[in-house]
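In order of appearance the chains are A, B, C and D, and numbering begins at 1 in each one.
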Amino acid sequence: MNQYGMLSQLLDVVMALLLAPLLTGWLNQWRALLQNRSAPDLIQPYKVLHKLFFKESVIADHASPLFRMVPYLVFGCMTLASAIIPMLSTDLPLAPAADAIALVGLFAIARTFISLAAMDIGTAFGSLGARREMLIGFLAEPALLTVLFTSSLITRSTSLTSMVTSMSHNSFAIYPSLAFAGIAFVMVSLAENARIPVDNPATHLELTMIHEALILEYSGRHLALMEWAASLKLFAYSCIGLAIFFPWGVSTSASPLALMMALPVLVVKLAIGGALVAVIETLSAKMRIFRVPEFLATAFMLAVMGMLVHFLLGA
Amino acid sequence: MLVVLTVWLAIGTFGVLALHRFALVAKVFFPMGAAASLVLCVAAASAMGGAAEVAELPFGLPGLNFHLRLDSLSALFLMVLGGVTTGVSLFAAGYFRKGEGTPPGLLCLQYHLFLASMALVVLADDAYVFMVMWETMALSSFFLVTANHRIAEIRQAGYLYLLLAHVGAIAILLCFGVLQANSGDYTFNNMRAQHLSPFWASIAFLLALFGFGAKAGILPLHVWLPEAHPAAPSPVSALMSGVMLKTAVYGLLRVTFDLLSVQLWWWGVLLLSVGLLTALFGVVFSAVQVDMKRLLAYSSIENIGLIMVGMGLSLLFYAYHMSALAALALAAALYHVASHAAFKSLLFVCTGSVLHATGERNLGRLGGLIRYTPWVAWLSLIGALASAGLPPLGGFVSEWLLLQSFLFTPGLPNSFLNMLIPVVAAAIALIAALAGYTMVKFFGVIFLGRPREEKLAQAHDAGTLEKIGMLWLVAISILLGLMPSQILKAISPVIKQLSLFDLSPSIAANAWWLLAPISVARASYGPVIFLLGVAASCTLAYILVRLFYHGRLRRSAPWDCGYPLQNARMQDTAEGFGQPIRQIFEPFFRMERELPSPFDAQPRYRVLVEDPLWYWLYLPIARWVERISQWVGMLQKGRIAVYLLYSFLTLVALLLMAKQ
Amino acid sequence: MPNLVGQLINLLASILLILSFAMLSQRRILSLIRLFTFQGVTLVAATILLGYSTNQPHLYYSAALTQVLKVMVIPTLLHRLINHLNVRWDTETLINIPTTMMIGIILVIFSFNLAAPISSLSTSIARSTLGIALACVLLSFMMMITRAKAVPQVIGFLSMENGLFFSATAAVYGMPMVVELGIALDVLMGILILGVFMFQIRERFDSLDISHLEKLKED
Amino acid sequence: MNWLLLMLIIPFAGAGVLALYGGRERAPEVNSAFSFATFIAAAMLTSKVIADGPLYALERQFFIDPLNVFLVTLTAFVAWTTSLFSGPYMRIESDHGKMTPRRMRLYHSMYQLFTCAMLLALTTNNMGLLWVAMEGATLATVLLVSIYRTAASLEAAWKYFILCGVGIAQALFGTILLYLAADRVIGAGTGALLWTNLEQVKTHMEPTILSLAFVFLLVGYGTKVGLVPLHNWLPDAHAEGPTPISAVLSGLLLNVALYAVLRCKVLVDGALQNHMAGNMMIGFGLLSVLIAAFFLSRQKDVKRMFAYSSIEHMGLITFAFGIGGPIANFAGLLHMTVHSLIKSAIFFAVGHAVQKAGTQTMSRITGLLSISPTVGWGLMLGSLAILGMPPFGVFASEFLILTTAMRELPWATPLLLLALGVAFAAVFQRVQPMVFGETTAKPLQHPPALIPVFMHLGLGLMLGLYIPPYLVAWYQQAARMIGG
């Protein structure tokens, strides 16, 4: 560890915090574009956050301290997640604190607390959302883990930085197992980040909403933190996907020059990724909530298949 | 060590003498027992890693005194026992109330006898004392379970429990019969020296698996667990789930790794698959329960399954002489033993407090307790998080280690196994996630939301002693979560003793806050940093928000979606929360459903989820026994001529036999 | 001379066997008692004969004991019993007589077969009768199985005792005197108790049909 | 003073005295006094044996060796404690009108006679006298079983009499054959029936005769032991007789009969030099354990159930002796001791429970714990002990038997596992609601004598944890003697 390491770590976090809403905005722009709508501003998410932070926070009469605590906690979790995912550089002093499994655990904490907070108010919608969120979670989490397992079996490490390092520095090889894992990962990411076809981030329709039902009771700064955390999550997922499947361009040292090189590469990759997500969202239809388990089970199966393929073909 | 046991027994005896003096028993004896537990825990910790201490007591069979031996493995389980019972005894001191079932003094005797027998099971160094203590443990816990014997269900639960415990015990006994190899010497030392053929070794292993499995609650011998745990008083459930199940784990470890000189790879596969099935079954059932203690009982089944998976994996590696991996898997299993002991007993004592506060076990009638019993709620939140396997608590560490040991599988010599193991890893991930689901349900439905019943508003928080007990258990859970490398280093003598591989150098190679059993490049986990990271970002976010914006807050009624008639009963129920699981895992269950029709004046919805194994396995066995005893009954129809005929035929048959 | 005695004893043994068969087939209680008395007489004769030929005085005591007990006391007791109880009537057997006889013959063959190797080892001049004694025991056993009333069952029991006595006498010239006395005492006690018993049974059930005694069973 | 003869004379004299005065008000105490005197004599005898080793009396007609010394003490002890229990118990029965002074006289007298017969059977060296004593014990108990003069008790006594009478007749035939075999080696006379003499020449005796003799002896004495399928008298007699008698039948008489079988087995094993006797006993034992277990699971009457439990345990002991060898024999002897202690304790508890509830039907006896914790705990602990729960002694012997069987007769262990499991399920399922739950029973007029229950349970507990060294020595010597 050196001061460059600290620098790269700091840069990693700050960049994630700053760029995350931008990614959301970029995605919304693309969606609007694909759907022939006029798009909101690219920096619209920042405006929304600012507005929400400024507003007074209203909470239910009988909300417990847990309810007020959760937004900060979720935000904290997502921040830590972005700190340990190698976005620009693999030289991250914090990275040893959590490997891929712990990362999934981190997401699980956030999910658990959001669900608990939703149940705290005791309205029908809150607990409904909590149940659905946990349903998605318990199916998506193993699928995500399995995806990570596949790559960790290839790289013989569960540490994210080591994975990226060895992936990007191996001579270019085609891993059929990663193809399976990749599809599974995309499906899981869509589900986890409340995108179509699993959830629609843009509606408040009781029958279908999941994420929105969870944060229904939040307002003001709490809601802002939740929204920000959601963007961060999307950002983190995208970065994980990029780090595992397209690791090229991530710097392995923390020298400022390397970081400067890595940043544009990441932005480009994210831009392409965001656009692709928008395309998928536009092409697919929102599915019934009862179909979601099937969708996720498919993802899980694909991930397991990926792992099996790795063993069968040795690749 | 023996001093502590004597103290326990003495307390028990005093308890009987002070049969009905409640205050004395509760406020003096139980805290004294807790102090003894603490001493036990410390003594065991100091014995860890040292040379085995041997003692002989002048009891037992002729030529076979009670042999006791304290080695690292025993020390580990004694630490778990001492650590957990310190908290539970303190809790129990505040928990037991006057005038319920068994007189307090007797309860005190049974309780401390239970503790002492568990300790002696772990210390036993010959088959006889092991079996005696094993059954004493079953018996004393049976009496504790049936403390309130006026309720028929409790009696039924106790019956089922003791029956399975006894059948299991006979199997264990037979296992020792195999192990002693006809030498007539029942000491463990002799058993270690015997070289059994693979056939007999397998018989011994299977018997041990059956016997200890019946106590641990592996599939399909788990049926007593969800009955007995809810029936027992909560501190007892806590001990049974937290510690007693672990003695079964101990027994299986002792037999397979220590006493048997041969290990076959398929044992590992068997243990692995049984463990996996048990875990899956347990967690799925736990997710659909509506009784909070049953939910926890099924969750215990799940955790035992996970421990078995770890042991199975370790056994598999061990049989293939991959001792480093065997050590890792074993570390996972042992770590889970400790962390499960802590968080599950914590959760059980919490349900005890809830039960006292509300008199209600049914999740459908609870809710919103975080406002009335904040201590219980916040402390059980820690337990629930640990149980859900979330970082940075104890449950996560063991799951992490387990998954690591799966992922580090380098090609085993058996390609089939190579395929199998990653699939198991995926299944473990699924189980862990489902456990999270279950715990959200558990905590959310009990403590969050609005109270589903009027009377819940009168719920009172736990008393001082109860709080101290719970805090102690929480402290252990947190410690187990934050200090994995320290703790693993401390228990590495055990792992070395069993798997012949020392993990401590590779652990010690890293900073104290970092757990990296192989190397940092391969995998690492630093819970302290993890926690600090989250805490720092939370605090920072909080400060920054206050700094740049404001902290204004207004309270109002929650948004009702334009439907003002909503009330507390319309919250998601426990059944509702379990509905997706019921749907996805439908083949697992045996369900009876009563759905309302749109025309019902008073629509009712009812669902009853039952264990299909009960119908596939236990009831047929019961029917067969009944049928056979019908046939046997035909032998005795009261006619003396027929009886004489039996004698006559017997005589003739024996004469014919003797003539040859 | 020993040869003649041996033949005589064999003859008496055959008479015993025939008596056993007769009892097996006999329906009337009175005749049964009479046959039982004959059995006793035959036993006494055989014992005296053996005692005389082997010059063993204790066999005379034994014979006297038998005379008193089995020829005099027990038949008298039985007579009085059936008079009191008024059960002179025919008894029905549980299995019909021809079948019983068939089984009886098989039993005889079986016991001869069984006793043959032992008889050859015995030094007694009456050794060849051991098979007959065994057959008597088994036939009496058989009789107890097939009878449905209490009194014939008891007679079967006593006749079994006779068979045993005969075997003891024939094979080993009787048991030591202490034992012999003890056995006699027990038999006497037994018969007394039986008598008392039968009165009580009669009192309770108004009949000595043991089919009434089938209440205690697994149902 | 010759304690041995005194021990035999006291109960005999007691029988005489009580035959005359047994109907008086204080007769139960007198009965206990005689039993206590017997026990004292037995205890003195035992202490003498501990000090001096085996001894003979009356020209070797009586003897005490390691195989019978502990049985003698046990018998005298249980007979004494049972008489303590029987006092208040029979008083209550009289109050219920079930006993008249005449019947009391008969009861007390026969009780002493029965004790005497059993002690005689145990101490005699003469196989013929052994038979006589066994028959005497049978006759005495027949009268005791039928003492209530109810239809059921008469029927039970009748069956008992006929079945055991026929059985014991077989044993007599066996004894005659034994004498025949001995005659050829030792020569005629009383000496040829002395077990000690037979034991010395056992290897010279003719195997063909002895194998037949053993069959008759086994069937004969086995009927009294209650081995399936010769057991049919046992449940009836236990259920219908007075409870003190059930206690001594189960606790003592069965032991004595088994003791007789053992004596014979030693001789036969010596002559045959093969495992025939052992195999037969294994067969009987297994069959008894299995069948009795299934019988247990269909019982409604509490005393009947514990009678079947006795069959089961006798089967187990027979099985153990069948296996033979130092450990299994040791276990068998230990099991005999503990079973008789525990089973009689159970019958004591059951007796009072039945009196309290006014019925023997188990479904109508509930909640003993709430009306009388001592009876309840006595029954509960006793049942658990008899089911093989440690730390009671039954477990110790089952431990040894099962572990030995696992290697000697592995095929039998699944059957034993099944039988023990079924038995546990059956008995415990019935005992638990009797002890636990709400009560229907009423208090009694006389305070029940429960000291014997806990005395027995305490001894049973002690034997599970610690066996006195001289007892161990006896067991070991006896086990060696039984061989196998």
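The rule is short, and it goes like this: contacts are C-beta pairs under 8 Å (C-beta built on N, C-alpha and C of every residue); 3 or more make two chains touch, one makes a residue touch a chain.
Quantities reported herein were computed from a predicted structural model and do not represent experimental measurements.
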Chains touching both chain A and chain B, listed by label: none
For chain B and chain C, chains touching each: D
Chain located farthest away, centre of chain D as origin (C-alpha): A
Between the pairs C-D and B-D, the one where more C-beta pairs touch: B-D
Distance-to-centre winner among chains (Cα means, whole assembly as reference): B
Length of the line joining the C-alpha centres of chain A and chain D, rounded to whole Å: 78
Intercentroid distance (Cα basis), chain D paired with chain C, Å: 31
Between chain C and chain A, distance of the C-alpha-averaged centres to the nearest whole Å: 100
Chain centre separation in whole Å, for chain D relative to chain B (CA means): 43
Sequence positions of chain B contacting 2 or more other chains: 632-633, 635-636, 640, 644, 647, 651, 655, 659
Junction residues of chain D - those touching two or more other chains: 158-159, 162, 166, 212, 235, 295, 298
Chain contact topology (line, ring, star, complete or other): other
Chain pairs that touch, as defined at the top of this document: A-B, B-C, B-D, C-D
Of chain C, residues touching chain B in the complex: 94, 110, 114, 138, 141-142, 144-148, 153, 210-211, 213-219
Touch list for chain B against partner chain D, complex: 58-62, 127-128, 131-136, 138-139, 146, 149-150, 152, 155, 158-159, 162-163, 166-167, 170-171, 173-174, 176-178, 180-182, 184, 186, 203, 625-626, 628-630, 632-633, 635-636, 640, 643-644, 646-647, 650-651, 654-655, 657-659
Residues of chain B touching chain C in the complex: 632-641, 644-645, 647-648, 651-652, 655, 659
Touch list for chain B against partner chain A, complex: 367-368, 370-371, 381, 385, 388-391, 396, 399-400, 403-404, 407-408, 418-419, 422-423, 425-427, 429-430, 432-434, 436-437, 439-441, 443-445, 448-450, 514, 516, 520-527, 529-530, 533-538, 541-542, 545, 548-550, 552-561, 566, 568, 570-572, 576-577, 579-580, 583-584
Partner chain B, residues of chain D touching it in the complex: 158-159, 162-163, 166-167, 170, 211-212, 214-216, 218-219, 223, 229-230, 232-233, 235, 276, 280, 291, 294-295, 297-298, 326-327, 330, 367, 369, 384, 387-391, 395-396, 398-400, 402-408, 410, 413, 417, 420-422, 424-425, 428-429, 432-433, 436-438, 464-467, 469, 472, 475-476
